[in-house]
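Paired with chain B in one complex and with chain C in the other, chain A is shared by the two complexes that follow.
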Partner chain A sequence: MEVQAEMITFTLRRLLSTVVVVFLVSVITFYVTRVVLPDPVSTILGGQESGASAEQIAQIRQSLFLDRPFPVQYWLWITGVLTGNLGRSYLRPQDVSEMIGAALPVTFELTLLALLIAVFFGVALGMVGAARHNRPADTITSGASVLMLSVPNFFLGVLLVYLFAMIVPLFPSGGYVPFFQNPVQNLYYMVLPAVTLAMGYIGNLARFTRSILLRVYSEEYITRATASGLSRRTVLFGYGLHSAAGSILVAVGLNLASLVGGAVVTEAIFSVPGVGTLLANSILGSDLPVISALVLLVTVGVTLITWVVDVLGGIIDPRLRAVKA
Partner chain B sequence: MKYETQSFSLPITRRGLLLLGGGVAAGGLLAGCGVSPSRTGTTGSTNGGKKRVGGDLKYAGNFDLRTLDPAFSAAYSERFVYYAMYNGLVTYDKDLKVVPDLASEWKYSNDDTTLTFKLRPNVVFHDDTPCDAQAVKFNLDRVRDPATKSGQAGHLVAIKSVEAPDALTVVIQLDRPWRPLLASLGERPGFISSPTAIKKYGEDYGAHGVGTGPYKVAEFQQGSYIVLERFDKNWNARSAYLNSIRFDGVPEASSQITRLRTGEATIIDQLDPSLIPTIAGAQGVTSMTNPTGVWYFSTVSYLSAPFDDVNIRKAIAYGINKDAVIKTVYQGKARPANTPIGVGWAVDKNFAGPDYDFDVKKAKDFLEKAADPGVEIPLGTSSQSRNSAVAQAMLDGLKKTGMNVTLQTTPAADYNSQIKAGRIPWWISSWSPRADPDGLLRIVFHSEGAQNSNHYNNPKVDELLDQAAAINDHKEAAPLYGEVYSLLAEDAVSLSVAWPDNTIAFRTDLHGVEQYGDGIIRFKDMWMD
Partner chain C sequence: MTIPRTSAFLAIKVPVSKRGVLDFVWAYPRLTCGTALLALLVLMSVLAPVLAPYDPLQNNPNATLLPPSGEHWLGTDLLGRDVWSRVLYGGKDTLYIAVLSGVSATVIGVILGLIAGQRPGAVDTVIMRAMESVLAFPSLILALAISFALGSSFTSILIAVTVSSIPRTAMLVRGEVRALANRKFVDSARVSGASSTRIMMRHELPNMTEIITVQVALDTGQAIFISASLAFLGLGLPPPAPNWGGLLKDGYVFLANAPLQCLAPGALIFLALLAFNLIGDGLRDYFDPRTLSRQRIRR
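After this line comes the complex of A and B, so read on.
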């Protein structure tokens, strides 16, 4: 019973801090986008090319509430968001929710594919390194990990396109086909972007898995298990991986944030119409409702994932509960 | 009533400006053809065999198509699509001359305040709505109505009323003679949409787009691509050969080139000169380079010190080495500029005002006359690569004059807003050409111009611009623009640097590629093997 109560307190405390983080980020983003970005009204009226009169500019500022004090603007926006109304794009004939609804599944798919690739190869490489500690296989996998996590997305993407779209034309160099229109084509277009996005993550996870496994392997119970005659395989991958799983999961979750960041660059290289492309286009066009909503969405997403991962980690490994709480 | 056809050779266009510092923005180089034929170097054949119907064209560009409603268009790249799916009362030929489109002929009244258009019969929109005089009136009134909040309304200010006395006649009453209006009717303020579709879709109309053009919307994926297909009931069916045109938004220049080389794209444009060698010798790919009227210049906010001193401005003007900029930044693919207008009928070939060719001695002389020759002079540039390359190349020449110049770099995304806020007193920028010179000169140099960021105010310039805009005959108007250029040069406020060329690259099975004076590709002219 006591364990359960402890778990519930832990879960709620994490949830509370999540809400605080989301609120602060929403205020900061809302403020920063309105102060730093160029005046959206001139963009709406045709950008630098506009011949709009002063009255017309004033009229549009008023209709968008841009002439109101900042707290009022924020209040109008956040109450809309809380009632499910994200507003309408300044630049496109669409509601913000509709735009995000179209872009989100694309990024979700890309990130999920990258995550699967990264977890599979990352953990596998890390296990090889740990199991073959200080032997050639370890040196090779560790070297490969460092290389993978050092190559920036924008370079890797262009390199992969050069190798696998131009020299050996296996994959398209970019573009997108909606999944429900043609799932096979969709995956075909997603291969290079997903690998590009996954690469740094593989290196990260491999290094993390290796070091956490090495720490586990040095513990007494592993020595005892080995001494008691269990097979090396059972000890390393049964006992060892089991106790490392919680930490690895947390690492996966925490790295997800950087994965979302990487998606912006990757989507640009491969012209994938996801959240990253939408965010970049919206910033360039000063489309404030879209920027605010997207940043809020990413924040909620990342903090929620962190929360879920924390809680799951706590369930899998009680030691994490103690440390985090 | 006798109508004149094609009698107005006003090369007019509404050109978009390059969102220069805007970083990523699409506004790349615009083409201007017919500037100096000797330079119209073509390195690819564009005339293949017989024109045939068929083929699927794919264009890859730094493209962000936001809306299909011309009344709310704010992006340069949107016009590539509009020209394939919409018509206006008039349009432009490749030298930016105004020619008939939906109107077969038009005529001014004797006092130039009534403009009467005769429409072509039997024109239908993509949704089968007939395109008659009422439809034209509906569209022009919609853009003009303040309740619509169209950013294009400013281009139709001279209109007092639009009337439709019969199905094929449109009469526009002006509140004053106003030459620039005709050109505006061939661009976004004048593209005609189906009234049925506008009423049906309301504020979502921009997601659909229904015009009278040779291509209609087949599929539109926001932020990614749009596919147009041939509209077989088009009034000018001969102008459409391709089965479909696909526009792919590909922001990365290197990705565009890869697509062209692999055949995933049929045509790309606005190639950076440094990337041209990467397609030289590529199989199945050819390219075409033409001069443009895109105007690269540096300009100062002449109200703030030290730029309020005309001697400092003139020293700067003589210290800019245009040839060095052209050689290092454009690899020679640009023309040195001496006035804002580099294409069209208002080019002053015999420009008499100071050309400000690089001259260290003259620069030093003016610097000595300045109130404080040693004053620190900050040159602002954006982090965008083209912009900062121009600034670096300028800096070399300026330093030779002994001027105390420092370079200040602003992140590309903030550049334009910082300029507007007056925080960058000396900056580098560019504008794309328009068919009617008034389109550019008024907004940049008129004291009440919407884009007059340096607060330039010369009553004589204002007067000349207003006087010239009321003259329909461009032979009569051109000398007045010549006077404007001289006054601008004398004031040394906006210093011309270059008119760079535009390079288009395309697959060799594509034909009918022509560069228009405004840099916008007209896909309706093309066919494929």
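After this line comes the complex of A and C, so read on.
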């Protein structure tokens, strides 16, 4: 019972700070994408303000609530968002929610694939480094980790396109096939983008896993386990990895934001029609409703997933609850 | 290891200065490699006017989109400009904006962190919630939104790149201030009547030299990455002055015919990021008392 109560307090406390952060995120998003900006009226008129009368401009401003004070504008926008009304695109005759709805699953799939690749290889590399601490294998994996986390995704992506789509045409250089239309083709198109996106996180996770495992391995109960004759595999993986799992999970959650950010560039390289491409195009075309909605949704989505991962980490590893509190 | 940070700092400095360059290189390979790599890139950018065979801004309608040759090592672009010269010149803006942003992000972050750490309660809560909120945005997406809102200019990109780096430093410094607040030398300073500003500047800040130095290196690397990503997405520095991110983007279209136009600036961005990451790691080794003892034992 006591453990349960502790877990509930932990969950609620994390939820409370997440809610505060989400609120502030929405204010910042609105401020940056709507208030700092050049006048959106010219975007709607396609840069032809001269052709519109002062009345027309005033009417557009009024219909967009641009004549109201900031808190009122924010209130109107956020209540719209909360009731699922994201407005209409300035550039295309489409609802914003429709456009985002089409792009979101694509990015979700790309990010998920990259995450799976990154967790698998990152944790594996980190385990090799920790198990062979200060030996050649450790030096090699550590060196590889630095290289992987330093390589910018746009360079890696372009390099992979050149090597594996142009020199040796194994994979398509870009494009997308919906998963439910043809799963095999879909994965085939996703190989290069997912590897590109994952690379930096393999390096990151490898380093994190290595350092956390080294800390665990230096603890006394590990020495005791070795001394009592347990096999090396049981000690390293059974004991060591079990103890590190919670922290690794939380680290994966913390890296999620930059993974999603990286997806924007990766999608641009491989012309994947996801959220990143939509965001980049909307920014180039000054399509305000889409920009604000995307920035908000992505950030809030990442924040909520991070919260879930945090709580999961607390469930797996009780020590993390105490640290966070 | 419970060596107080200050004495560890001194303990490292003395033996190193006695040991000579080669020993230093041997003891801190990452710091050495990183610094050498960065020096090379800086040198290349500074010497661009001497090294570049052509004017990077000179259009030449008679020589557009030439393939790489002895005359134009990387070929020419759409306007007939020599790409190799543009790559050499492109380092200046790329590195300049990164260092400027890395330093300003650290300075602002340190100031916010010091204030939040010094004033528990309302001030701390406000600053920290704000930092957490900024941190909640994927850095690139925040940078995109800011540079979109402020328009395409040097300043707007500088702000966009800097803002997303501030929170980590601020939170790090705040944590450090909190840890130092319980130490005896801070207590004794306070008891002897030092103002909180004096405690901050004379007692706390000097004890954070190490983490701050590491943070500058990491923030600068991050700034290179973000500004080049912005350039790749078409929100970079305004033309015509070259920068590596923009060159990569411009060259991508011609990847099949002139791969080096795109891969060369990309590789330089990679090397710059590698240099700053190695320097960050190297500085951590350098400041870490445990590394020192390990080196000593090994010798």
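The criterion applied here is as follows: the second predicted complex is superposed on the first by the 314 of 325 C-alpha atoms of A that agree within 3 Å, B and C clash if a C-alpha of one lies under 4 Å from a C-alpha of the other, contacts with A are read in each partner's own complex, and residues count from 1 in each chain.
Everything below uses one rule, namely that contacts are C-beta pairs under 8 Å (C-beta built on N, C-alpha and C of every residue); 3 or more make two chains touch, one makes a residue touch a chain.
No experiment lies behind these values; they were computed from the predicted model shown.
Trainee: Report clash or fit for the pair chain B and chain C bound to chain A in the combined superposed model.
Mentor: Aligned on chain A, chain C clashes with chain B.
Trainee: Where does A:175 make contact in the superposed view: on chain B (first), on chain C (second), on both, or on neither?
Mentor: In the superposition, A:175 touches chain B alone.
Trainee: Using the superposition on chain A described above, determine whether A:29 touches chain B (first), chain C (second), both, or neither.
Mentor: A:29 contacts chain C only, not chain B.
Trainee: Touch test for A:159: chain B only (first), chain C only (second), both, or neither?
Mentor: second
Trainee: Touching A:264 in the superposition: chain B (first), chain C (second), both, neither?
Mentor: A:264: touches chain C, not chain B.
Trainee: Considering only the touch criterion stated at the top, classify A:11 as touching first (chain B), second (chain C), both, or neither.
Mentor: After superposing on A, A:11 lies clear of both chain B and chain C.
Trainee: Go through the superposed model and pick first if A:211 touches only chain B, second if only chain C, both, or neither.
Mentor: Neither chain B nor chain C is touched by A:211.
Trainee: When the two structures are overlaid on chain A, which partner does A:59 contact: first (chain B), second (chain C), both, or neither?
Mentor: Touch status of A:59: first partner only.
Trainee: Classify the contacts of A:283 with the two partner chains as first (chain B alone), second (chain C alone), both, or neither.
Mentor: Touch partners of A:283: chain B and chain C.
Trainee: A:186 in the overlay: touching chain B, chain C, both, or neither? Say first, second, both or neither.
Mentor: neither
Trainee: Of all the chain A residues, which ones make contact with chain B and with chain C?
Mentor: Residues common to the chain A contacts of chain C and of chain B are 36-38, 158, 161-162, 166, 268-269, 280, 283-284, listed in rising order.
Trainee: Which bits of chain A are touching chain B when the two form their complex?
Mentor: Residues in contact with chain B: 36-39, 42-53, 56, 59-60, 63, 88, 91-94, 99, 102-103, 158, 161-162, 165-166, 169, 172-176, 178, 268-273, 277-278, 280-281, 283-285.
Trainee: Sort out for me which residues of chain B touch chain A in the complex.
Mentor: Touching chain A: residues 14-17, 19, 22-25, 64, 66-69, 72-76, 146, 149, 151-155, 203-207, 221-225, 248-252, 254-255, 258-259, 261-262, 264, 413-414, 416-417, 420, 431, 442-443, 450-451 of chain B.
Trainee: For chain A, which residues count as touching chain C in their complex?
Mentor: Per the touch definition, chain A meets chain C at residues 17, 20-22, 24-25, 28-29, 32-33, 36-38, 146-147, 149-155, 158-159, 161-162, 166, 257-258, 260-262, 264-265, 268-269, 279-280, 283-284, 286, 291, 295, 298-299, 302-303.
Trainee: Flag every residue of chain C that touches chain A in the complex, lowest number first.
Mentor: Within the complex, chain C touches chain A at residues 129-130, 132-142, 144-146, 148-151, 221, 225, 228-229, 232-235, 245, 248, 252, 255-256, 259, 262-263, 266-267, 269-270, 273-274, 277-278, 281.
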